[in-house]
Structures are given as structure tokens and as C-alpha cells.
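See below for the structure under consideration.
When the chains are written out, they are named A, B, C, D and E in that same order, and each has its own residue count from 1.
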Amino acid sequence: MRLLNRKPTRGQELALIALPFLLTAAVYLVFSALRLADNPNDKLLPSPAAMVEAVRTLAFHADPRTGAYIFWVDTFASLQRLFVALGLATGLALVIGLAIGVLPVMRALLHDFVAVVSMAPPLALLPILFIALGLGEASKIALIVIGCAPVMIRDLALRVDELPREQFLKAQTLGASTWQIVLRVALPQMLPRLIDSLRLSLGPAWLFLIAAEAIASDSGLGYRIFLVRRYLAMDTILPYVAWITLLAFVSDAALRFVQARAFPWFAAARAS
Amino acid sequence: MSAIKVEKVWKEIGDQIVLENISFELASREFLMLVGPSGCGKTTFLRMLLGETAPTRGRILLDGEPLPAEPDSRRGIVFQRYSVFPHLTALGNVMLGAELREAPLLGKIFGARRKVLQEEARALLAEVGLDHAENKYPAEMSGGMQQRLALAQALMRRPKVLLLDEPFGALDPGIRGDIQALMQKIWNESPLTVVMVTHDLSEAFRLGTRILAFERRRDRPEEKTRYGATLAQDIPIWPRRIAGALKI
Amino acid sequence: EPKKSFKVAWSIYVGWMPWGYAADAGIVKKWADKYGIAIEVKQFNDYVESINQYTAGAYDAVTITNMDTLSTPSAGGVDSTAVIVGDFSNGNDAVILKGKDKLAAIKGQKVNLVEFSVSHYLLARALESVKMSEKDVKVVNTSDADMAAAYKTSDVTAVVTWNPIVSEVLGDKDAKKVFDSSQIPGEIMDLMVANTQVVKDNPNFAKALAGIWYETMDKMAGADGKAAKEAMAKASGTDLAGFESQLASTKLFAKPADAVAFAESKDVGATMNHVRSFLFDKALLGKDAKSADAVGIELADKKVLGDAKNVKFRFDASFMKLAAQGKL
Amino acid sequence: MRLLNRKPTRGQELALIALPFLLTAAVYLVFSALRLADNPNDKLLPSPAAMVEAVRTLAFHADPRTGAYIFWVDTFASLQRLFVALGLATGLALVIGLAIGVLPVMRALLHDFVAVVSMAPPLALLPILFIALGLGEASKIALIVIGCAPVMIRDLALRVDELPREQFLKAQTLGASTWQIVLRVALPQMLPRLIDSLRLSLGPAWLFLIAAEAIASDSGLGYRIFLVRRYLAMDTILPYVAWITLLAFVSDAALRFVQARAFPWFAAARAS
Amino acid sequence: MSAIKVEKVWKEIGDQIVLENISFELASREFLMLVGPSGCGKTTFLRMLLGETAPTRGRILLDGEPLPAEPDSRRGIVFQRYSVFPHLTALGNVMLGAELREAPLLGKIFGARRKVLQEEARALLAEVGLDHAENKYPAEMSGGMQQRLALAQALMRRPKVLLLDEPFGALDPGIRGDIQALMQKIWNESPLTVVMVTHDLSEAFRLGTRILAFERRRDRPEEKTRYGATLAQDIPIWPRRIAGALKI
């Protein structure tokens, strides 16, 4: 039978899925053990026990001075920034993307500008951003928005373009005004596509968040990673990275779930 | 009343002449079938009737007045594909026209008035034979069901003119027969002037009250851009079919 | 014109951790209230960004080294005054070689450091001490955050960096410290620098800064000093022992009188001379600078190094003096 | 007429396109002039003349110490890293993406693993990367590859999925082996889609490049930006950012051009 | 020789019984038409003949041997859509089968042998009436042209059995007539056993040598999963059509 037609059984499938994860873990453990045997104080590849210990201290022991549980404070601060920023970016993308997609005048005005802006590396403009917005939450959120929104706007405008022209004509024969077309034809069909776009933006958003927190912050997962990086405290960094990965993965899954639930028509419409 | 008058209409797209000097008058309540070889400009002509694009020369009058330059609710349309909204259920699709009319701001009706509109929409759905599918999304329907739905949706807004661009071209023959009968019934019962493009001559004879054939007289490659299609034939159907007077 | 609220930027470094502690412990608020003003003390993770923000005018004061003051705000036209000389690096910055214990062995090596930083300056001074110059090595710019990891790679054989990275790197068996800032004592100063115009218009702001600083110093030396240091250690991502070891290589002026004495000593002038010629060499005194004299530096005794018409960096011991006299 | 149907004339269109660019320039000039009036040495928003001067020095005057034209050396170094890395990422995406998309066994083995890896923030793992690959070009290129490839792999596997099942069946009835199906059915249809994916990766790739160069380097656009950031030399940073934007924009346009030229069938196939 | 024997075949998908106890024998060179209402399992049955999916119970024999469990070059297929490769020109699509046969490693032939294959492919293209379109990509062709191309492509590999799943369902009636004639010609001239699914009874009678109708006897909702479709009718066409002996 051709390899292409060979489907693993459920059991084989689970084994195959687990394999690369286990392999990665095994490789880590071997190298960690080797390094630790050489130098018990090696910080680069700490033992699992050391990582558990580090996380336990951060997650379950209140900071004596402030009474805060650092791990959770960091997580909360980062997630708050991330969600606020992605919310803003999504809102912007929806409004501007729809405008560009639906209105020829707005397309002329903004399409090329957004295309150029989306190519600019926002990290290099940080000093200006910080001056304009101060060093508080605003500038961190702004960095994420500036990093993610232009791409999302372009994506959404493209998606509006992909709606069959016939839908707009049809709506007009049903008496729809421009506003009504946006509201009842374009917008509801863009919402599930916006979720796709948002999912794609999760990765870059985390990147910008970490970069912003690395520069000016006093809490957050990215802040902590950069703070302890000076000491090469991989026993903290690695669990933090795993935790960020997990958070991103869960957000992604949640978005997919929302998409399937809230827009039952979408999966079929996309397939056809 | 919804008579159409076409006066010396020319249409050029880019530097190609697509249609050349088309003139005819169409009385109210006619069922006009537009036929002609592929690429002769039938769709282009329908798009001018719709107001999506304007004639290069000449003009089109609707009830004696120049046609508005963009689509409006007097002219309903059913395309070959993409005629219903994928994000609305069958009922939502049919109700949309009424909702847009009655709620300029939100495009959505609530409360008691919604109930009334729903009943109206359900009646239309039943008429096109979709009474059991009102909660289905288009993607869950066959092609034939979608085109019926598109008809019901267009009729909800009570257009004076109904434009159809090969609406049944993609359907299976059996289903096609049903929907042709439905089409004739609708034309018969609603105050509609119908213009329908088709590839299928037998369909044209079965449904129409009049058949117009477009044709490119000169179709050699070097002539293609310099001469457009003209009105080659104008065939009234005999015995005459008269809307409302006819039993099928 | 006088203003009511002020913003101070500080970044995470052993000599500046007291600022964070002072903010948390209410010392900042106490002194601000005393002078009827508001002071916001903002922590930066990234030192460079704190300097940039100050230079661009978003902050009224910043924790910064003497060299960076001259190269960035002063060369950028922002007239700046060193209100407090908090400490100088006394071993906190070091040149480290892998497997070689003589500085001379650095010849021909690639040296990883943060270019244009005090590390770069330290390297220049170190090379001078063995009659070499930068031409004898190849400098590779490397971010401080990654220096510890970079050292562990085989292609890195020489680094110049600061604490806590120095102790991190020295944890390695074959890491040898061949030169450190204790061999150029007093040349790398950690300052609290404020905008000169702001200080002129609002002397109370500078007084409050001095008040905050020396009260915090007292706290650290006093009975609950251990708790204070523990808090600072935590905030800088390490523990008490790690923090103490960093403090050990920092000459902290716990008493204002010592700081005044240091600021008014001749050594500062000599140091600034070294610093400005180093910066001029690297074209960091501005594009139009024709000589190291381009930017004027006013010392505590009002003597000016360089262009007296373009003084942009001033040492002012008066506020520390007030603290020493208990007149704040 | 509905706003939706109102198309600007060619002249109006050009004016509208130019407007936001001119506006941005005007805002910059005003603020720059204001700040410079206040402090002639202001570094944050330098005058256009100062920027031109800075670029001229870097681009047309050989560095007295090394004899190099810094601007071009930086550009060349960065582009080289970028292209090598994107080439590698593209190759990886093609091989692994096709494998996941075509072979059920490989899908079980790698699909979820790649999904998880694509969520991990690569910047935080730099120390491990350094140890594994050293501090030279390899680790910079690896950072870009690690940052871009997982997303591209996922995207490509998804695109293979979107090929109608019928094509694979059809090919089998024509006697194709698994290998032949990959080579003659899946691969050629993936190439133009890979270009789409590559275009989407350009933004993140520049981001990772700049981040990598900021960490340890002695040339490159990102290196220069971070180096001169130490003394807030916005007169160098801003032209560099504009240059990066231009380079990214041109690469994007070039990729679109290649796609249209090399795969004439694709535009129509995508539309239908 | 390419006789098919179907022995007591059942097919369940999930917990729904789709087909129930289907048995029949098909002689070589027959042109079998499979008809039945939508959803009765015609496509499912064809997919079993293709080897894409296996019967739950029973077995299918091809020339007395069990059917291989995956598609192979003995059984060609034309689907309703997606039957040609969008990235290959018409000529490339037709040549593909031969190239795959002759170049196991690269799947591509060069040089003189390529010329030979090209001529062969051109002949096939001419036979299906696409001689002028050999450099066109499928997206540049109409639906009818694409289905002709799919036929030519399948024939290039000289299958013993040709499976067709409503290949002309989406075509316009005029075009449909042409292609039906073509189909009959092909069957007549090549050593093929044909199994074709259609919705169109008149097509079935026009082309087939035998018609099988599937039907769900019990189709009330609660019975739907517990009973599958069975072979309801088996109609030989009279006068008998015999491949190779027949003039159209």
C-alpha cells in the first residue's frame, strides 16, 4: 500500500504524536545530566528538579516584601497587556480593514500607506514611541498594536476583497445603503475571518510584548525573563518559556473553539 | 408598470466593442429571454440593466425615466452563483430585504414587527418549496435549493424588474424542470417584468414571452475588437403567454 | 519656570537599586511631600532606554554614569547636572579572559563587550596600561543581557562587562579577571543626573533627591539594613549573597561628606579628561565636534574643561553638601 | 450615489494615496522643527538635513579605520543573513510541510509538535542557541529560521490539505507512487503558495534579524541601529528604518512578481 | 477482460448503514449506469470500486481477483469536479499518466521519448475535441472542456475500467449532448468497462448497456441509520448495445 494511504491506528497515532515531545525531553535530560555531571553548578541546562524548585518559589511563595506571588503577577500583567493590545488591534483592523475593503475612496487613501507601515520594524522606533506615550502600559500596548494591526488590516481588507462582488450588488438590489452593507453583509462575514487573523497575530504579539517588557517594566513574563537572564538563570527562564508557549497554545485553541461555535456557517462556507 | 426602453446602446470595455447599437422596447410584465453564444455580451447587457455599469453610448429608460446609475430595490437579481449570503440562514436571507427597508440604521428588526416579517418570509420560503429548510445555512443546501432561496430573497423586496443571469445553468436537469415551473408561477402571480439570460434554447422557448438573440456578425479575430454583438433576432412566442392569464 | 511634579528614571544596577527601594519604602514620598512636590520614580529594565528618555526630555533626572552623561545627554545639547555622586565602580567592571591570566594575552583576540559603554572605556584604559590600543584587538558588540550565555560559547575568548554578569562569568573555572575598575578607581562614577534648567528653576527637587538618597543610605547601614538589602537583591533578580558581592566591588558613598570630598577632588577633572578624549576618539561628542573640547564640563569648583561657552555637563556638590550639613 | 460605488478618478486616487504619506512627513517636520528650536542639538527628531548628512557619511565616506562604506556593508550583511535564513526556512517548510500534508504518518508525528513549537518565543531561548551554534552567523540565521519556519510549515501543511482529495485519487489512478504524487502533484502546486507564505514571513524575519544582530554582531542594519541607539542617534536610526522598510517592500513586490511570472496558472486557480 | 463481480457488499459509515447487501456481476465491456436518489450511496459504491474505501462486509472481484485496496492504473476515474490538475496545461495533464508510468523517479520524460508521448497525447486531445487548447491551463477552460480533458487524461493510461461520477452533471445541456456522444464513441473504440453514476435517467438510457438503480426501501428518519440502500432494479437496455459493434 502506498505510504500516502497508510493511516496509523488510533494507538499508533498517539504514540507518534508523543514521540517528538518525548524525544525533545530526552535530549534535554541527557545533555543536562552531562553538563551537571561536569559542573554541578551549571546554569545553562538545569535539572528538572531545579526548575520545579524555581517555579515553586515564584508561584507559591509570596514575596515577603509585597506579598505578591511573582509568577502569577507576571502572568497577569503580561496577559492583560496582551489582551488589551490584541483587542485594540482587532478593533482597528476591523474598522480600517472594512473601510479599505468596502470603500474605494478609503482604499485609495489607506491601502498603500498601511502596506508600507506594515513593513517598518517597530522595535527600532521604540524611543519615539516611549516619548510619545510615556513609559507606562500605554507604550507597551502601543508597540503590540503597531506591530500587529497593520498586518491584520491588510489581511482583512484582502478578505473583504475576496467576498464575491455579487454579494454587494445583491445587497444593493435589496435596498441596502453603504452603511447597511457594511453592517449586515461585510462585517458579519469578516468576524470569523478576523479570528483567523488574530490567531496568526498571536505569535508576533507575544514577541512584541516580551520586547516591550524587556525594556521598561516592573512585572510581566518578558520582564522576568530579561531580568534573570543577566544571571543566566535558565531554571527560571525555561519554565517561563514553556508557560508562554502553553498560554499561546491555549489562546489559539480557544479562538478556534469560539470560531467554530459562534460562526457555525463559516467552516462550510470556507470549504466551498 | 415597469416597461424598459433601450435606445441605441453601445458598450465598450477597454478598447473592445462588446455591444453595438442595441435598441428595443419591452412592455411591462413581459418575460424576456436573452440568448446568444458565449462571450457575446449577455451578462454585460444585464449588468447595464442592473446599473452596475453604464452604456458607453445610448441610454436605457425604466418607465420612461433614465435608469439610476447604481443598483436599487426596483431591480432584483439572481446570479448563477453567489446569490445568497452564506452567513444567514434561509429565513435570514429572505428577511434581509425587508429588514434593510425598515431599519435604515441597524438593518435589523426586533420584536413584534420581526414576527410579522418572519411570517411573510416563511410564506415566500414555502412558495419556493423551502419550508422545511428555514434554519439551514446556504452551505448546507444543494445548488437548486440555493437558487430557489435566491429567488425568494429577491421577491421579498417586491422588485418591478427581475434580472436572472443563467440562474439554473449549474443545476441538474431534474431539479431544473422544477425550478423552471416555479419561475413561471412566480412571474404569473407577481407584478414582475423578467429579463433572463440563458444558454438553453429549449428553456427559452418554454418560459419566455419573447426571445432576443445577440450575435457577433463579424467574429474573425482581427475584427473582434472593432465590432460588437448586435441584436440579431427578436422572436415573440406564439401562442402569446400573458402573465396572470395563463395556467400551467 | 517652577513646576510641581518630577519624573526620575532609574535602571536595575547594584548602585542604583536604592532608588527602587526608596520608592517602595515611602522615602521618596516623604521627601517629596516635605518640599511640596511630587516625584515619580520609574524603573527601567533597559539602561540605554532610560538615558534616551531622559535625553529626549521625558524625564527630569536619571541614574547614569559620568561617561554616558557626556556622550548622550550632554553631546545631545541637554545641559545636565550631576546632583549626587552615588558611588564609583571599584571592581564592578572587569576585563575577563578565557584561560589566560595576563592582560597582555588579549592581543589579537576578539573582545565581546557593549560598544560605546563603560566597558569599552575600561578596555581602552586597560589596553593603555599595557601600551596597547584598540587596534590590537577586535571589538564585537554584544548585548549585556546575553553576555553570560555568550561567554559559554567556544568562539568567545575575551569579554568586558559589569556586574552581576562579571560574577556570573567568573563562576566558570577558566575565566580569569585580568583587569578591573578597581585599577582605575573613581573613573566610572554612578551619578544621579538632572536637567540643569530644571534644577536651577527648582532647587527643591534636587534637595529632595539628595534627601531621599542619604536617608536610604542610612537605612542600608542601619538596623534594618539587611531587610533593605534583601529587598534590593530580590528586585535585581538575585539573593542577598549575590547582592552583597556586587556591593563589595562598589565604592558606595554612604556619607554625604565622603561624596562631597570625592566630587571636589582633582581626580574628577583628570577622569573627565580621559573620558572626553576617549569619546572624541569614538566620534561620540557630536558630528561637528572638532576636538575633545567641543562640550564644556564644569567641575565642582566651577572650573571648566573645554568650551566654556558650551557647558553641558556640570558637577554640583552643593546639594550633597547640604545633606552633609544636615540642612535639607 | 452610494459611497461604496463612488470611485475616485485617477487624479483623485493619486492625491489620496499621497495624502497620508505627506501628512506623516508634515507632522514629523513640525515636531522636529519645534524641538530643534528649543534645543538645536536635539537628538530625538533630527532635521532632514541632519539625516541626509548622517546617511551621506555612512554611505559615501569610507570609514577611516576600516576603509569600509558602513551603510553598504551593513546592508549587505543583513540581506545575506536574511536571504540565507529565509532560504533555509523555505526549504524546511517545503519538505516538512509536504510531508505533513501528504503522509498521514508524518502528520501524526509532526503536526502537533510543530504547532507547539511555533508558539514558543524564540528570543527567550537564545542562550541555548548560542551554546549549540556559537555566536557567529549560524546562530543569527538559526534564530530567523526557528522564528519563521514553524509558521511556514503549518501554513504549507494546511495548503496541502486544501488540495482537493480528488487530485490524489486521480493521480493514483494514473499509476503515481507516493513519491511521484509529491513530486508532480503536491510540490508544483505548493510552490506559488510557498511564495505567499514567504511574503507573510518577511515581516517577522526582519524582526528576528534585527533582534539577532542587536545581540552579538559587528555589522548589519540591526546592529547599527542598536549601536547608535546607545547615544540616541536618531539621525542614523530613522534613515535605517526607512531603508529597511524599503528593502522589505521591494522584496515583497519582487516575490509577487516572481509568483505571477513563474506560475501563470496560479492566479486563476486561486480565484476559482 | 475486465469483469466485475460484487458479492454481498455492505457498507457502513460511522453507525449509518449506507449500502445493504449489494450483489451483481458485470461482464467485460459493459457500460453500466448507476442511478438512484441523492444520498443513496452511488458515490460511496463508486469509491469502493475505486479502492478508496473498502466494503464493511462482502467483497468485490475484478477479473476474479479481489480488488486492490487502493486506486491503481487499471481503474481510471472522472469526478464531477477537480478531475484535472490546475498547474498543468491540457497537454501536460494528458501526458501525466504516461510520464508517471515511464519515469518512476522523476515522473517526467525528456528528449525523444517525450516527443513520442506528446504526439500520443495530442491525438487523444484531438479525439476529445481539444486540439486547439493544448497549451491552455484548466482555469482557462470551460467546465465542458475540463471534463473532456479529464476523459482524455484517464484514457491515456489505458485503464480497463473507467469510473465516472456524474461527470456531466455541472454542464450546460448543449455541451452535455456533445460529450455524451464522445463518451459513447470512446467506450465503443477502447477496451473499456464503464461504470457511470448519473442523476439523469434519459442520459442513462441513452448511453448505458445496463442500468442499476439503488434505493432505500425504508427511509423514515428513525430507520435511516438502520437500513441501507439496496439494489432495487437491474434493467438491461434493449436492443442490446455492444461495444465495437455499434454505429452511432
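Keep in mind that, in the parts below, a residue touches a chain if its C-beta (ideal position, glycine included) is under 8 Å from a C-beta of that chain, and two chains touch if they have at least 3 such contacts.
Predicted model only: the values in this text are computed from it and were never measured.
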{"item": "If a chain touches subunit B and subunit E alike, it appears here", "value": "A, D"}
{"item": "Steps needed, at minimum, to go from subunit B to subunit C via contacts", "value": "2"}
{"item": "Leading chain pair when contacts are tallied as C-beta pairs", "value": "A-D"}
{"item": "Chain whose Cα centroid lies at the greatest distance from that of subunit B", "value": "C"}
{"item": "Mean-CA-position distance for subunit E and subunit D (Å)", "value": "47"}
{"item": "Chain centre separation in whole Å, for subunit D relative to subunit C (CA means)", "value": "38"}
{"item": "Intercentroid distance (Cα basis), subunit E paired with subunit C, Å", "value": "82"}
{"item": "Shared-contact residues (touching 2 or more other chains) in subunit A", "value": "2, 44, 127, 131, 172, 177, 229, 232"}
{"item": "Residue list for subunit C, restricted to those that touch at least two other chains", "value": "52, 56-57, 145-146, 148-149, 152"}
{"item": "Multi-partner residues of subunit B (at least 2 other chains)", "value": "70"}
{"item": "Interface residues, subunit E side, partner subunit A - complex", "value": "69-70"}
{"item": "Partner subunit E, residues of subunit D touching it in the complex", "value": "164, 166-167, 169-177, 179-180, 183-185, 188-189, 263-266, 268-269, 271-272"}
{"item": "Interfacial residue positions of subunit E with respect to subunit D in the complex", "value": "50, 52, 70-73, 75-77, 79, 81-83, 85-88, 96-97, 99-101, 104-108, 137-140, 153-154, 156-157, 159"}
{"item": "Subunit D to subunit A touching residues, read off their complex", "value": "2-4, 6-8, 12-13, 16-17, 19-21, 44-45, 102-105, 108-113, 115-116, 118-121, 123-125, 127-128, 131, 151, 168, 172, 177-178, 181, 200, 202-204, 206-207, 210-211, 222, 225, 229, 232, 234, 237, 240-241, 244-245, 248-249, 252"}
{"item": "In the complex with subunit C, residue positions of subunit D that touch it", "value": "39-44, 53-54, 57, 126-127, 130-131, 134-136, 214-218, 223, 226-227, 229-232"}
